[in-house]
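The chains carry the letters A, B and C, assigned in the order they are written, with residues numbered from 1 in each.
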Amino acid sequence: MRYLYYPGCSLKGTARDYEESLLAVIPALGIELQELGKWRCCGASAARAKDSKWARALASATLAIAQDYEMDILMPCSSCYANHVRVLLETQKGEVPVELTGLRRIPRVKHLLEVLAQDLGPDEIRGQVVRPLTGLRVLPYYGCLVGRPFRLGGTESVENPQALERIVQATGAEALAFPWKLDCCGGPILFSHERVAIRLAGQVLKEAVRLSPHCLVVVCPLCHLMLDGKQRAVEKEMGQRFGLPVLYITQLLGLALGLDPRRLGMHRLITPSETLLARLGRP
Amino acid sequence: MSMGNEKDLRSMTPKENLPEELLPAIQCVQCGKCSSGCPVAFETSHTPRKLLRFLQWGWLEDASRSPFVPLCAQCQTCTVRCPRGIDVSGVVLALQRTGRARGWIRPDSFHKTLEEMIERTGRVSELRLGLLVAMRRLPVHPLEDLILFFKMLLRGKLG
Amino acid sequence: MDGPSSKIGLFVWDQGGRLGRAIDLAFLLENLSRAKGIGHCSIVEDPLAPGGLSPVTEGLEKGEFGRVLWVGPFSLEQQEVLRQQLAKAGLNPFLQEWCDLEEQGVCDGEVDQEARQRKALVLVQMALARTRLLEPLVPVEIPASQSVLIVGAGVAGLHAAVSLARLGKRVHLVEKESGVGGKVASLHRFYPRLCDPLCGLEFALQALIGSEMVEFHTLSRVTSVDGGRGNFHVRLTKAPRYVSEDRCNGCGECSRVCPVAIPLTSEGHRSKEYLHALTVRAIHPASPMPFPSAYVIERAYCPPDCEECLKACPSSAVNLEQEPRELELSVGAIIVATGWDPYPLNRVEEFGYGAYPNVITNLDMERVLSSNNRPPRTIGFVQCVGSRDDRHLPYCSSVCCSVTLKQVLYLKQKAPDAHCYVFYQDIRSPGFQEELYQKLKETEGVTFVRGMPSTVRPHGDTGRLRLRVEDTLSGREVNIEVDLLVLAGGMIPSRESEELAGILGLPRNSLGFFESHLQCHPEESQRSGIYVAGCCREPMNVAASIESARHAAMEALPFLNGSVLIKPMYPVVDKTKCDKCKRCMEECPFGSFYFDEDGFPTPHLGRCRQCGNCVGICPLGAISLRHLTMKQMAAQIQAASASFMGKEEPTVLAFLCQNDAYWAAREAVKRGMGVPPNVLFIKVPCAGYVNNALIADALALGIDGVLIAGCEDGQCHYVKGNQLVRKRSDDLSDKLRKMMIEPDRVRFVNLEIRDSAKYAKVMRLFVQELKAMGLNPFKI
């Protein structure tokens, strides 16, 4: 299966390990990625707060480059994904005239989770697993934007999606039921209202550790930054130790596929994952 | 009968006062589901429900200048729960846009820098952004953030 | 035919002398006396006074004429009196016609005398044209059943049965469950008096049990219905009970030995003590109410070869080999009372119904209250779950607020220390229920919160649930933990309602409830003889359901009299012209047509409402209403084409529907609202009656403009006749162009009954536009 790859700004910076692990696992999963040339930032939520035309132009630019290829676009970041799908739907419904977006053909945009859970499917993944993560208690965390307001793949539930659970289970690990899995991590307001953001991340982590997981798994670089990178600051704010490793779904997959943790960028995680790796019998 | 503020009573004509993108607010029945699901609803004196009520009265400037508006994390919870199908998150963004266009809201340095970066280079450098913010305002937990900075640097995450 | 019955007696009654002042009556009569077919022509003085009718009765006796045309402003009551009196003298009521010159504007002083005189003549000629073609008609009596079918033996069905059984009608009550009572029987109490439903339903049952007029068909469903009012042929399928209803006396020996226990609560809910896991044996009393007294077996749960109940029964009532049966019934009317189902609240995922054991619906709560278990300390009620919500049910189910108030009241009586929270958007407690609401607001341990939670979360490991809301009245955050959460969900039409709608051909509104004209005829469906009662019509409480049922019973009565009298104005299909295109069948708003043995469409007299839409729709003009035939219309139109206004003035022929448009027009003339004198009108039963051929005829004969006036959309008395006539306008325009006539000479207008000013204005504009267009080239 071939996809155009739109990484988004974070995957070239603070979420470098997300890209690393993604590129590491795709051969085994039979996926080929071609990075979109000259892609530009999706605008996050800042663009729409300034000027809706500008925000639409940013996303349209990506879609315009992509329309000449026969492939769907794969996006690992939930924010990028939501921004592009929004413009896509507006154009399809005719709310925005095609001249404004400059699109001849409307390509499809898919979040990585959608590709893994629907295009590929848990059965395919299970077939490739060589080191099943038996006994690992994993807490799936979706964050806000991957399943709402646009249903993932058009079919998943908005209140209780199960796509991530299915993939976690395919690796042999146990996917714990986590009622807070869609609660906001605070990412978008990190730089403007830091304390509030940290407390939001804190609530997620607080409820998470209550269920005694071995790790949390995420599908968005901003969520990862809040829950992994800022975990020390959160602990200070909440007055509670968490020490919870936070992995990208691609890293979890990579471990199950028997790949070397270094190849998956596990050494770049801020919250130490040695105990986790030891539990899995890995160096 | 006490009339209260003359300006207020005359303003219950949202269709004349509100820009088109804010008209969905008329549908609101004030059930409060947006507030109850909002992660930041009670951080300020205004909840999203309250903001929609302001719009129903046509108090556009009050709504736009509300302390809630910049705080919204765009998590979409209000939008998916609204029984009247109002895109509440969208309304909040529209309030930001209106505020900026009318000069009621001024973007802070973070946002200005972010926008500039996107326009000029087409990509965002998180390092630059983070440093800028840290210089303007001391982080809430400066020690932890300093450690984080170095860890990220050492782990090659500040490309 | 040239006998005496074909000659016409023309009588003018100048009530109030207005006609005589407006035109030269003597001159008019002189002209008319020479008209074709006139046997007698004179003015009468007060035919309603004693002896006033003698000129007419004498003329009839002498054989001077066999049919009568009355000219003058007769009211509907006066017309009826004359019909009855002359019927005694032997004149068939359908051989009389009335011509009101005043309502057509002949007395309008603004108009030139000559024109008025000519117009009066034309109008009478039109009436004469029809009178010549009248036929002596007799109402048709079709034999009808005195039995009624009631589908659904819930509270509505039972009360409808009581009303009709009392009046000596034979009642067939069909119920899909093994016992009667429906949803109400599964409630703990119903408001406002907090009655035990078994007690309330007993009242109805007592009137029915033992009555030889009532037959219960439990475990039965309707599979097909044919025929029309007075004569429905119904087929039922009865599922096997496996217990003989004649022999079982409900002793219960079988239940004691039955090895199978079937759980009644869903698996998700069984873990909580107050949601005590109830079970029932595979052989158990009828449910929801133990009537009929015979037990019933859930055969699917029986272990193979088990015969314990058979062996234990002292009355040999068990029959494990029982097969389903088919039954055929003949009934005069049908009452549908198939009730409601709760909206499945697992679809409102954010509240975790099905995910958390202590989240239940208001219906589940009735069962909790019925049990002897101690309720938990803190209970939350969330109103409007899945209701008034664009993502689920857009409407309000009316009763849920009252249900919650009732449950809170009952809870506080049962456990005074319990604390109840009610989260709401609005509390709808209308009428005298306000008292209950006020009482609860003052009760300690009851808190009303105007703010809707949008989700529910587990509170740590305690098993309790946490709700976070904005108390919108104060603007503050409120966090509440509850032991039990009750979701007040709404009502949807039951699945059986859906099935029955298909079998009976009953239309439903966009929300799935049976379509009815809510204000004027709430229990009447679009099929004659079929009535709809209770919650399958719209969500309502028990008291309203009973009223609705009684109303439906009243409406059904006329079809249960042993015979049904059909007025003789029904449509007739001319088989020599009909090409079986089936358009009449497809467009009839009441689905009245069926195929006869020769394959021709024929109206079922029991279903037909005699609106005439079939006449209008037939592209070959092959259908006529008796007493308003196409020939009669054509003759009237021919007479109308004679010019009376002078060379330069256009003539307008208007077809007015007799329900709203005619009254608006009449009022407009009466109040001198400026209706132009160029207008002649003909009354039709419905705007949909007007066949394109009639319009084309009118224009081909030189009439300058034709206007068809029907009711407003949504107000047509025959559902959509006003729309059907417009739908044909494209075909009409094509036809007219081929005849070299401007299609713009035809107009359609919708009028409400008081739209007189609108009518006058439309007519004035039309006449102006016709003048600008130029006169019809076909005009003589």
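Note that in this section contacts are C-beta pairs under 8 Å (C-beta built on N, C-alpha and C of every residue); 3 or more make two chains touch, one makes a residue touch a chain.
Only a predicted model underlies this, so the values are computations on that prediction, with no experimental measurement involved.
Peer 1: Which chains touch each other through the most C-beta pairs?
Peer 2: So the pair of chains linked by the most contacts is A-B.
Peer 1: Based on mean C-alpha positions, I'd like to know which chain lies farthest from subunit A.
Peer 2: C
Peer 1: Go ahead and note the Å separation of the Cα centroids belonging to subunit B and subunit C.
Peer 2: 52
Peer 1: What whole-Å value do you get for the distance between subunit A and subunit C if each is reduced to the mean of its CA atoms?
Peer 2: One centre to the other, that is 56 Å.
Peer 1: So what's the Cα centroid distance for subunit A and subunit B, whole Å?
Peer 2: The computed centroid separation for subunit A versus subunit B comes out at 24 Å.
Peer 1: Quick check: what residues of subunit A touch more than one other chain, meaning two or more?
Peer 2: In subunit A, the residues touching two or more other chains are 158-159.
Peer 1: For subunit B, which residues are shared contacts with two or more other chains?
Peer 2: Residue numbers touching two or more other chains: 77.
Peer 1: Residues of subunit C that contact two or more other chains, please.
Peer 2: 350, 455, in rising order.
Peer 1: Over in the complex, which subunit A residues touch subunit C? Could you list them?
Peer 2: On the subunit A side, the touching residues are 157-160, 179-180, 210.
Peer 1: So in the complex, which bits of subunit C are touching subunit A?
Peer 2: Its residues touching subunit A are 349-350, 355, 455, 457-458, 460-461.
Peer 1: Residues of subunit C touching subunit B in their complex?
Peer 2: Residues in contact with subunit B: 350, 384, 388-391, 425, 450-455, 467-470, 472, 475-477.
Peer 1: Which of the residues in subunit A end up touching subunit B in this complex?
Peer 2: Per the touch definition, subunit A meets subunit B at residues 9-10, 12-17, 38, 40-41, 43-52, 58, 82, 144-145, 148-149, 158-159, 182-184, 186-189, 191-198, 200, 203, 229-230, 232-233, 236-237, 267-268, 270.
Peer 1: Touching subunit C in the complex: which residues of subunit B?
Peer 2: Touch residues, subunit B against subunit C: 29-37, 41-42, 45, 47, 49-50, 77, 81, 83-85.
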